[in-house]
Each structure stands twice: as structure tokens, then as C-alpha cells.
Amino acid sequence: MKVRQARWAALAAAVLILPACGAPDDGGSNKASEPFVIMISGGADAGPVTDQLRTALTAARAGVATVNEEGGINGREVKLLESPDNANPTKALSALRAQIAKKKPDAYLVGAGSNVSAAIAPILNQNKILFVNAANIAATGDPKQHPLAFNLAASTQVVVEGYLPMFEANGYKKIGVLHGNSAYAKTFGKLAESVFKGAGYDVAGVEEYDSTALDMTAQISTLRAAGPDVVVFNAYGAPAGYVLKGITKLGWDVPLLGDTSVSSTPLITQEPPVGLLGSPDLKHLKLEVTKSTVYDPSAEATNKAVKAMTSIGQIKGSMNNCLGYDAILLVAAAAKSANSTEPEAMAKALEDPSVTSAAGTAVYPTYPFSADSHEPKLPLDTHSFAEPGPIVNGQLNSPK
Amino acid sequence: MTLIYAGLSLGAVYALVAIGYNIVFVASRSFNFAQAQLMTIGAFVAYTGHVTFGLPAIAVVLLAMIAVMLIASIEERIAVRPVADHQTQLITTLGFGTMLTGIAQLVWGSQPLDVPFVGAKGAITLLGGRLYTFELGLIVLAIVLVVVIHLYNRRMMSGLALVAMSQDDEAALLRGINVRKLAFAAFAVTGLLAGLMGFFIGPKTFAVATLGSALALKGFVALAIGGFGSFYGGLAGGFAVGLVEAHAARYLGSEFSNLSVFLILILVLMIRPTGLFGQLQERTV
Amino acid sequence: MTTVKWWKTLRAVPSWAYAAMLGVFLLVLPALQPGYSVTRQVQLTLILALVVSGLNLSLGYAGQLAIGQVAMYAAGAYTAGIISVAGVTDLLVQLLAAGTAALVVGIITGIPGLRLGSWSLAMTSFFLVLLVPDVVSIFEEHTGGQLGLTGIQGATLFGYQLTPTDFYLSVVVVAILWFAAFRNIIVSRHGIAFQMLKHSPVLASSVGMSVFRVKLTGYATGAIPAGLAGALFANLDLFVSLDAFGFTVATGALAASILGGSVSVYGALLGAAVVEFASSRSDSFQEYSLVFFGLFLLVGGVLLSGGVAGAVRPLVARLDRAAGLIGADRRSSGAGEGEAVHRIDGGLLEVTGVSKAFGGNRVLTGVSLRAEPGRVTALIGPNGSGKTTMLNLICGYYRRDVGEITMDGKPIKTAATHLIARLGVARTFQTPLIPRSVTVRDVVASGRYTVERASFAGAILRTPRFRAVRRRDRQRADEILGLVGLGHLAGTEAATLPLGMRRMLEVARGLAAEPKVLLLDEAASGLDEAEVETLAEVIRRIRDAGCTIILVEHNFGLVLSLADEIVVLARGSVLAVGPPSKIANDPRVRDEYLGTSDEGARPDEPVITAAGQESTS
């Protein structure tokens, strides 16, 4: 009997302790002296995309620190309100709604997780909250649907079009495409097919793999049978490794062009023992990278951002995962230009390219939004191709 | 042929999980839902041994086996022994597995880690198909393990005791078999094997924290197809699942690979409810 | 003493009243302005509780390891979401559509379960959860695929747009209604039927239940709440994505069921609350969240083996005893008087030339016997002479190799067991089959399953007809219990009774079926003298009422005093037939049966054991 009682006591104690652990955070208020609250979908464990999520958080924190150093947003201190949802849409919604019920945040930022964006976009729209979204979805790029939402990442269209000069330069005619089954990967696959065809290339095959699968031999065999000159592929995490291993296994010497998510995968961009750099699997691989991912001593804004980020955390991935930094700077620039922290005024200011290009952003030098499109119209040379190399602090050729 | 090898090597991974389930099932009529996670830990330990400590292969294998055996023993003590009924064991072992995943993420991070393999890591051509040496190693390991376990069960006293126990706890007790000790031994042995398996699986799948949940259910399906309690069945089931997955992905598309496995599972079970190699009982009356 | 009084008052209130109080509390909760987090937590908990209750119904009560509830939850959510995008926003229509979709998924996926046993069924049903993402991707244009389904309109009711508070109330009302229905099912004969099936399919079919139908009903009704939960979930967030139906959610639901107590109605609520709370809390543990959730499952499982409900029940029983609410008197009170046994039209059962072999082992060879109405026909013989096999052949548990069995001249084909039971063949078992946590009265009443039908819907809605049938069930059960001397134990948990009483209880259950033929398999073994006397008295009365009785018995004295006709089996054949006086003096019988009783026994003849499984004796 004693044992049983002790067990119950332990359980009761555990239950009593639990509520104490989650201290909810209060939002600010609208008074000029009160902080400007930016809510961000965060957490520390999102399974395979944990590093993306955490890097995005680090980037946002660095952005906040940078803005606050320069006097905050129109004199108001910026406060980052982290919602511990681990990129789970239901939990992100719970946290957002709870926060709105208490006090509306001034802006919302999604650093990673497009289904979080899809889930919360309508709520943000309904409550007229500025939404800076690094996990693009179609709805948040369309001001007719969501006038206060902005996509930050290069659109899939830009990513895909980035390949065309590469095909041209190397004389590739027949293209094979291999992509995963996440929302982004599917769009990538579809757009790759239509854009390449539209540009006059022969798309020999488009294959999809399940991102939880452990072996891609089947898809690779199919592609090989189609005999492309080059294979364009999308993958993040372990699947990137499975694809490369599968191709090496078949003894297939086809040139490989990985997309920006491949270049964000530490497995591909780290020296052994952590990664595969230097292994024969990577012999034919070239990576599509955002220009800021290649270290450039003269890129002041980028270097400043990297310094800010590395001083408070690690960048596990490439600069592509650091859009959160730019998000904060963009909001600050918009508020300054509009001389207001009203969401409509800030959104209007963001549509002015002169405002965004002067914001001091790190990942892309500018975010050309317009009144018709809230997807940045990035130039064709936004991306370049690089040999796989060690990415340190989010950059290739980093001086460390 | 290459596709068949791919299916077989993947199937071998499932079969290895199934073997782990089976040992505990035969010994105690319950399931260890943390089995796949134990293997994942094995792969991580192999990585640490190889890469961080730079140990020779044989030492790495021993290290992985002993480390995972210890973890499995702890599991038996805290998650299995204190719980009497099998239904609740399902939850406690699941909980233990979840903890292992969490701990692996904390220790080794959430990115995949490349586990080296003994000797050459290159691909070879065999009977007109291409496969990696470690894939061949996986297939051979699965087959050898099953044969060894089967022979052991046939020949050795404690093997017989295991089987006796699964038939009837009380009868085993009457024959002077220490049921508890044996159940503990079964966990220790699965741990030992999981460490060994991790060493072989790592090079194929990478060591990644989420590997456990990807393997857990497929291992079960392999077992269900082959028949609960049958080691040959688990092997056949694993190969079947791997082959079906690979071929469905090749010829139907990736979203049909799980569906095809499900269809095969249903089909096999509708024809033989006890699985391919399961013992067929006359009507339960 | 005051605690006892206090407990008595508490217990005087029916247990559903507490649940009703909770329901009322949740309904008035918004008036207390608890804040958004609380109401949201309540809604998520209730939605999970609906899913879990479906699991409790099929897993806990019906004992079917059908644990794919999350797939049906997904079916409900996507159905509701898709029709909402198409413009159908009325919550009632949504619930109906989602419930139907889940029902269809539940039935289709339950079909393999009709053939599969325990773990295989668990696998196939759990695999369904794995298929959800694939199916959703295949129908991407309707479901939104990986990105999730957006564009769901706010729910309406008869044209009125529901405010968040209205919707909260709708969730609470749906949960209350379902739990009321669930409770009504469980306390009705259908709930008892589930538990009989769980305990032993053999038992269920012996009282005329179609195992097939009861199983299918179990899957189907277990699917409905999951579908309702799906509809509510889709309308709660106006967004449906795959994250809500993953492996973690499935294991969370399973954990909630087991932690709350699978064999309980309100345990689902408790388990869901605990799991929902732990999972929302675990996020604040940052990178330790997985470790925390795993630890929670582990510790919760160890502490609450058998679930919260399982832990509370013994406590309740103890307090009940202390308060004197349960009679401590466990003695049988002897055969009662009265008109308990109505006139029974017995049936003439004839067995002609029946043989049966297991493998190469002949158990019965060319056996014939004839049991007449109003007479006790005893079947005796050494262990393993084939007596029980004979009973099992009559009941249809085995297929006979050759021979014919007729009832009133009409041949009994080797039909399904439950159909034979419905022809009027009732039986008891060598090891009594009494499901756990069912009262003595309900065990007896379960014999009346086919005597009077009561529909499932009737049980949920408590229709007048259902009430009438239930009243007669109870009345009849009490009469019969009085007859067999167990009247004072009607409210006790039957499985806790001593062996003798459980045997008597089986006779009572058999009698409740108003059978034409009653088969008693060693009904007197393990009974004390007084109990044997009561049993003999009861058997005589049943015989005198006109029933045909076949008695398999070892107690030779009892057989001689009771039987009108004795059939002696030895080594699978009939050795002698005749009235007791003749058999008692038959030298061969004395030699064979009373002398060397063990010779000729066949140790490998299957017998019915408690679990209803074949084993060797």
C-alpha cells in the first residue's frame, strides 16, 4: 500500500510542478513608450527541420538586437515574442490566438515552416497584423488576399530560373528533375518542368520521392533510364545524402545541380566527420546558392549581420535560413519611412523599393515588393552556382 | 537487379527491426516499441566510436553493442518490469523510445551524420546490379542473424526455455525456468543485437534522430507479414516490404509505396491471418 | 464514521450525475471569462477525448486492437474542411458528413479485422495512420496536400454565423451528447455484448450473438466520435494540415486511452486532459520537449497501470464495502421458490453417426444419441472420451466429419455457432466464461440477447421499447437469480464470485435464453454439497418445465439421481445407453468408468479453457 501511496504522491507532485514551468509572456501595448512586439513562430524541436527553425530564431534575435541598437522602431524598443510551437500549425495557432486575445502583436514573423504560414495567415489578415513570412506561400504573396503579408524568400520561380544560365553555359539540353514531397518541393518540381520547357529545354523526367523514405534508388533508376544531361534536385537533410549515395552507387557520372535547400544541408556543406565534403559522392555536384552565401569582404550589411548572429548563436545552414534578420530590419525601415507603426502604413512603405533597398538587409540586398505583388521581384542573378565547400557561419569561403 | 538489391537492403533494415521485436515477443509476449530507437542509438554510438574516438572497427562494434545493451537493460528495469500488463507496456516502451529520440537529438543534433563502414565504402557490381558493400553487409547480417537465432533456439536449453515461456508463463515456471531473468536477458540480447545492427544500418541510412520512428512501424509490418514469433517470417516479411516499396516507387510513384505495402499486408493477412510463417492454430475454441 | 456517511451520500448520486455536472460547468465556463488559453485548451481536450472515446469503445470494451482512430479523425476533418470550402458551412451538416466519412473508413478498414486477431489487426489499423499523408497527397487539389487545407469558412448553424463562444459551446454540446450516447451504449446490453466478445468470442456466439456483427458494430461506433472530432477540429482552426494526424497524435491518443483507463467511459476525458496538458506543456521545455513527453508516457504508464479509472475502481469498491453498500454475504441461499421457470417447449435433439478427428486422432466414432424434451440425458465417460467434443459439435464450434444432428427433425447444418444458439441451444462451459466487471444480473440478462431484440439506436436514445426490454431483462434475470439462489448478489461483479457460484450463474444465463435444449458441461464440478443440491433442484425444475437437458457430468451419484437417460462414452464410441438403473448395474460401465477411469484418456483432446482457446489437458 505504501508503494502505491508514494506513487500517487509523486504523480500529484509532478502535476503541481508542471503549470509553473510554462510562464506565458505578455504582449506590449500601443503607447509610444511601450515595446514594439514581433511574434515569431519558434521552438527548439521540429524534428528534421529543427536547425532551420533555430537558425531562423537566431537570425530574428540578431535582427532585433541590431534594430534596438539603432534606437528601436520609431523609438520603441523591439521585443521578440517567441511562440514555442515547434513549427506545428495547430500549436502556432493556439499561441497566436491566445496572444491576440491578450494583446495584439505589432507584427508576426515565420522563419521556417510553410504550413505554419498557411495556418496563421488568415488569422493575421483578419486581425490586421503585419506578416513578414520567410516560409513563402502563394497567399501571402498576393496583396489582394493578404494586403498586410509579405513573402521574403526568393520565389520558387526565381530559384528555378536561376538554373537557366547554368544550362546555357554548359550546353545541357536534356534535364532531369528530382524533388521531395514537401509543399515547397512539389512546387519546385512543377515549376522546374514548366520553366525549363518554356525556355526550350527537353525535360527528360521529373521524379518525386517521399522525404521520409530511406532509399531513392528507384527514382534515380527511372531518371537514369531517361538519360538526361544534368539532374536538378531538391532535398534537405538526410534525403540529400540518400540521393547522392544512390547516384554514386549506380556509377552514374551525371552532373548534379542541387537547389538552395541542398546548400542549406550541413551534411553536404560540412567537412567530415559531420558532413560528406570531399567524398566522391559530391564529385559531380554544384550547388545553387544565394549570393550572400558566398563570403564577400565588401558586403558590409551581410558581414555585419553574420557577426550579429554568430555573437548570439550558431548559423546551422546557409544565409538562406537567416531571412528572419532581414525581416526585422525591413519592418524597422518601413516604420521609419512611414513614420508610423500602423500596419497599413508600414505595408504601404514596404511596397516602395527605395525603402527596402535602404534597409541594410543581409540575405538579399533588396526586396522589391510592389502594390501588385508582395513577393520580392529579385533579379535573375540572385543565385549563383558554386562547388560544394565548407559553409561556416552560413557562408562559403568564410574567414571564420 | 539494382532495384532488387535496393529493396533487399532496405528490407534487411526492416527485418533487423523485426528480429529485435521478435526476441522480446518470444520471451515475454509483449513488444518493445523502443526497438528501432535502440538501433538508432547504436548507429549514433558507432558514429561516435568511429569518428570522434577514431576506434578500429571491431572496437566500434563492441562499443555500440555494449552501450545499447546497457540502455536496453535500463529500459527493461524502468519501463517493462514495473508494469504488469502488455497494453501498458506498449505505452511505457513507446515513452522510452520517445525519450531516446529526444536524447539523441540533444546529444547528436538533428542533422544526419555519416557513419563510416569497415573497409571500402564503394559500390560494387554483383550479378548485373549495383550495390554498396554495406548494403550487402546488411543483407548478409539479417540472414546470418536469423539462421543463428533459429539454430540457437533449436539447440540450446535457454532457447527452448524462451519458446516455452512464450507459450505459457506458468508452465515455464513449473519447469524451473526463471521467467523474469529470461525476460531481462531477452532485452539485454536485443540491446546487444541492436548495437550491432546500428553499426550496419548507419552507413546506409545515416545516423539521424528521426530514423527510429521511420523504422518502427515498417519493422512491425514486416513482422505481421512474416508471422509474429517467427524469425524466418520476420526476414521474409522485411524483404517483402523492402522489395514492394522499391518497386512501387519505381513503377507507380512515391505516394503509392506505402499504399502498396499496406495492400500486400492486407492480402497476406487475409489469406493467412497468422502471417506467412506464423503457426496456424485450429479454430480458437 | 462520518467519512462513511459522506461516502454513502456521494454514492447515492448516480455516477453520470458527476459527468453531467462537469458538462454544465463547461457550458457556463465562458460566463466566467477564463481567457482564451483555457477555452482553447478545453476545446482541444474535448476533441481529443472524442477520438479517445472511440478508441475506448473498440479497444477497451470490444477488445479489438483497432487503433487507427486518428485516420478516421483525419477523414472527418478533411471531409468537413472540403465541404466547407465548397460552401457547406452548417455545423450539423458538417458533423453528419464527417461522421459518415469516418464511419465508412472505419467499416472498410474494419473488414480485415473481422478475420485478423489481435496484433495483426493492431498493425493494419495503425498502418492506416501512415497512409493518411499519401492519400492526402494523391487528392492534393481537394485536400491542399502537404501545405494544408485553407479557405475553410467559419461554421454556421441554421444560417447564423457562430461566434468563437458559440463554437466553444457547440464543441461542449457535441462532447456531452456523444459521451451520453457512449455511456448509454456501455450500460446497455450492447455494451455487455462488447465485453462478452472481448472476454471470449466463444461465449458471445453461445448466446446467439453474431461475432461478425458485434465486431463490425464496434469498429463502426468507434469511428463515429473520431469523425465528429475531425469536423470540430476543422472548424476550430479553419485549417487542416497533416501535422494534426501524424504518428505522434496517434500515439498520444493511444496513451490517453490507456492512461485514462481503456475500459471506462469518462476515462477518455481524463486521459485526453492529461495528454493534451502534457503535450502543451512539453513545448515550454524547449529542446527537452521530446524527452519530457517520453518521460511522461513512461512514468504515467508505470504509475497508472490499468489507467486512472482502473486505479480508482478498487478504491471505490473498498469504500463501498466499508460503507456497507455491498453485501458481504457471499453464501448461496439455496434454490428459491416461485414461478421463475415458465413453461418451456423443449426440442428433440438427435445425433446420428457423428465422427470427429483432430489431425489423425479420432475423438468420436459413429456416435448417436437422442435427447428428449422434459428429460435429462446424461453423457458420461472417462476423461477424454469425447463428451465435451460432442457438446462442441452440437453447438457448432467444431465441424463434424460425418454424421447428422437434428433438432425436432430438422437437420442442423454445420452452421455458424450463433445461428445454432438462436435455434434454441444454450450451454454452460467447463471453465465458466464470465466477462470481467459485469454484474451478476447483467450476466444473466445477457442470455436474453436473442430472446428479445433491442436496437442499437434504441439503446442510445433510450426509447420506450428499449426501456421495456431492459425492464423485462432485469425482471427476468432477478427471477432466475432467485431460482438459483443468487438473488442477493445481483449487483455484485460476477467475475469475483467463487467457482461454484459462477457455474450456477452460467446455468442461470443458459436458462435466461429460454432454450429448447440446455447443455451443461460439468456444471457440478467444484461445487460443495449444498451447492450440488441446489443445482440438482434447479435442473429438475428446468426439466419439469419441459426443457431438453444434456448433462455432461463426472459426479456419478448426481447423474444417477438426476438423469432419465444415460449415454456412456468410451474411447469415442457409445458404450451403453439406458436408464440409470440399467447403467448402474452394467458391468462394462462399472469396469470402464468407475474402475480404471484414466485408461483410454486422450491427453491431446482439445478442451475449452477459460480464455476460450484451444489447449491440451
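Order of writing sets the labels: A, B and C. Residues in every chain begin at 1.
Everything that follows uses one rule, which is that a contact is a pair of C-beta atoms (placed from the backbone, for glycine too) under 8 Å apart; a residue touches a chain by one contact, two chains touch by 3 or more.
Bear in mind the structure is a predicted one, so any value in this text is a computation, not a measurement.
The most distant chain from subunit C is A, comparing centres defined as mean Cα coordinates.
Simply put, of B-C and A-B, more C-beta pairs touch at B-C. Every chain gets a centre from its CA atoms, and the centre nearest the mean of all protein CA atoms is that of B. Once the centre of each chain is set as its mean CA position, subunit A and subunit C turn out to be 53 Å apart. Each chain gets one centre point, the mean of its Cα atoms, and the points for subunit A and subunit B are 36 Å apart. The set of subunit B residues that touch two or more partner chains comprises 102, 105, 255, 258. Of all residues in subunit C, those touching 2 or more other chains are 137, 287, 289-290, 299, 302, 304, listed in ascending order.
Taken residue by residue, subunit A touches two or more other chains at 45, 181, whereas all remaining positions touch fewer. Contacts from subunit B toward subunit A in the complex involve residues 2-3, 5-6, 9-10, 13, 47, 50-52, 102, 105, 109-114, 123, 125, 130-132, 204-206, 208-211, 214, 245-247, 249-250, 253-255, 257-258.
Within the complex formed with subunit A, the subunit C residues making contact are 35-37, 40, 44, 137, 140, 144-148, 150, 237-239, 241-244, 277-278, 280-281, 283-287, 289-290, 299, 302-304. Those residues of subunit C that touch subunit B in the shared complex are 112, 115-117, 119-120, 123-124, 126-128, 130-131, 134-135, 137-138, 201-202, 247, 251, 254-255, 258-259, 262, 287-302, 304-306, 358, 392, 397-398, 606, 608, 612-614.
Subunit A contributes residues 45, 47-51, 181, 208-210, 212-215, 217-219, 221-222, 237-238, 241, 245, 248-251, 265-267, 272-276, 279, 316 to its touches with subunit B in the complex. By the touch criterion given at the top, residues 31, 78-79, 82-85, 87-92, 94-103, 105-106, 213, 217, 220-221, 223-224, 228, 255-256, 258-259, 261-262, 265-266, 269-270, 273-275, 281-285 of subunit B touch subunit C in their complex.
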